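What follows is a single structure, written as structure tokens, with notes after it.
Letters are used for the chains, namely A, B and C, taken in the order the chains are written, and counting of residues starts over at 1 for each.
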Amino acid sequence: MNEPVIEVCQLSCVFGRVTAVREVSFAVPQGSIFALVGRNGAGKTTTLKSLMGLVRPASGEARILGLDCQKQGYRLRRRVGYLPESRANYAYMTVSEVLQFARSLHSCWDEDWVRDSLSEFDLSPGKRVGDLSAGMKTQLGFLLATGHRPDVLILDEPTAGLDPVRIRQLLRLLVQKTAQEGCTILLSSHALHHVERIADHVAVMADGQIETIGQIEDLKHSEKRIRVVFQVDPPQELFERDEIVRLQRDGRRFLVTVQGNPERVMQDFRRIPHFALDLLDMNLEEMFWEYTGRDESDEV
Amino acid sequence: MWLDVNPSSGVPLYVQIVDQIREAVARGVLSPGERLPSVRDLAHQLTINPNTAARAYQELEKKGVVVTRQGRGTFVCKDYQPRRRESLWEGIDALIGQLVVQALWAQVTESELVERVKMKYREVKSDE
Amino acid sequence: MRFSWAVFVKEMREARWKWIIGGAFLFLTGASLPLLFPYLQQMMQGITLPGPWASALDAQLRNYPAYLWLNWYGKNLFQFLLVMAALLGGSSISAERSRGSWEFLLAQPVSKTAVFISKYAAGLVLLFAVAAVPTVFLAPLSRLIGEYIQLTWFIRGLPVTLASASLFYSLCWILGVILDDSLKAAAAGAACCVAVLAIGWFPALQRIALSRHLAAVGTMQTGAVDWPAVAAITLLSAAAAGAAYQLYRGRDY
């Protein structure tokens, strides 16, 4: 159950003078849905590309199902489905021609799944790929990635270009893939709220590095916010503690972000006369901003 | 499905499911011996990760709310006694906290607040 | 897996308009050579051209096989092969890149080597087939106007022509691998084309001029296939294809 299917170890990718990915490490256990979130340009796509052997890493190692992503790519691609960042595909072919082409490259092909999904997606087989909308291209890409019943799915921004109904539909298919076939899924997204519903593991990337990583449920526990309104001006030392990772102030009102156990911080706060003192759960979106949007989100 | 989860909330999804199922049992929405959807179905219905659904059921089993019979499914325990006071007070305390803060801001005195609470309690109770 | 039929077939399909239009054009212009010959003879009676042109034209008009060879290998097929080799060779990889289908193709269970070989082979087979079929067809077509050419003699020009075309094709492949854009690759192919022709303008470089071999000039003069030249050009073509492969493997995809 917890044997990692995807293992990335100290991976770095360099393009010219730009380091797109810097010493990234993570492991995706069997049957889980792992979300790589971050803003555009954080290094998510490059990480996924290097897993598919499309980018040569400067250093580090990546393995899927025990196979080396750089050296054993051919064997690997039979068992991995990939939704690339570019959804363009062969514009001159029709939907059914592209599917036929993909089918001719694979030794096994799940005809029923593809047919059912086609009708569920409202994709007409006779339509030219070039004439599809962005969302339809994403759906076609998803079909192409899943048609051969892969053990592992690597999806680059699978919800991009889809409307909320289509997003929900896609998420449900992903849940079905893991629940029924034990498929392991690694996906990237710049919109955490699209994927936090189905992901069980999450890594937040910024500037080519992983800022935080863990099981979603644990991450929700790991950081808390304390909202406090003091009656007097509190001493500055009160906030000089390791647990406090962020402090927002407006007069005597404070919003304090705490990592780890907030109890000791709460105790200290309680000693100062206050109007209100609350411990708030922190949702992932807020944490995401904490890690990736420092510069923009200095509100309060 | 009467379960309603909010993935964006700071409360972990599995905790939300556990709380809602416990509450449903405590209120009698789910009766003892009733069968719950399988992990797979629950994951599909709520569009959540199957591991999250499984974790919720594990947690419920640990607390003695449900029991899983191999190959037959997950059922509400026949002999589950909801420890109402303990579990429900958690939520109520949080709400009281907010209430008191609001009252302080509005400069409502303690006795005024208590009086209002009493009034509301009687009002709601007579409606039932 | 060194070869993928699926990719090969896809390439053939993808290039189908290139070879349908190119082939039709080549066939029609090729057919016009024997069909226009009698009219050309009539037309040129009584017109005297100055100096060297007069004798060259006169020789052609009196000698139908020489007329056909010089026009076919030296003009029609020659131009066709240059354009087609540049189009097929230059666009094969760069088109996949510029239209964004590359990542999809490389995520399929085909080795990168198989992709290269299948694509290279598809282009080459097309190039050869579209060139060879009308060449063979010119012999029966000549009967229509009452002229006779020996087929076994006429196709002797093909080996050196096709070998030269394959070298040019391989050179264009290098461009197609390096450049990310099929338009740029086509432009670079045209530049490469000019360079190849330019060498032929220097009399001292006749032996190594690709354009001269492409036009099968030597074969017509001797009447026999210049096998050492064919072998040398084929080797060079293989070397160019190998270089393209090395560049292809060395790139991020």
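By definition in this document, contacts are C-beta pairs under 8 Å (C-beta built on N, C-alpha and C of every residue); 3 or more make two chains touch, one makes a residue touch a chain.
Here the structure is a predicted model, which is why all the values come from computation and not from measurement.
In this assembly, C is the chain whose CA centroid lies farthest from the centroid of chain B. If each chain is reduced to the average of its C-alpha atoms, the one that sits nearest the average of all protein C-alpha atoms is A. Separating the centre of chain B from that of chain C, both taken as means of CA atoms, is a distance of 77 Å. We define each chain's centre as the mean of its Cα atoms; on that basis chain A and chain C are separated by 50 Å.
Here the CA centre of chain A is 29 Å from the CA centre of chain B.
Under the contact definition stated at the top, not a single residue of chain C touches 2 or more other chains.
By the touch criterion stated above, chain C contacts chain A in their complex at residues 1, 4-7, 9-10, 14, 99-104, 106-112, 252-253. Chain A contributes residues 15, 49, 52-56, 73-74, 77-78, 80, 82, 84-92, 101-102, 104-107, 141, 144-145 to its touches with chain C in the complex. For chain A in complex with chain B, the residues that touch the partner chain are 31-33, 168, 171-172, 175-176, 178-180, 193, 196-200, 216-217, 220-221, 229, 275-276, 278, 280-286. By the touch rule above, chain B contacts chain A in their complex via residues 7-15, 39-40, 43-44, 47-52, 55, 97-98, 101, 104-105.
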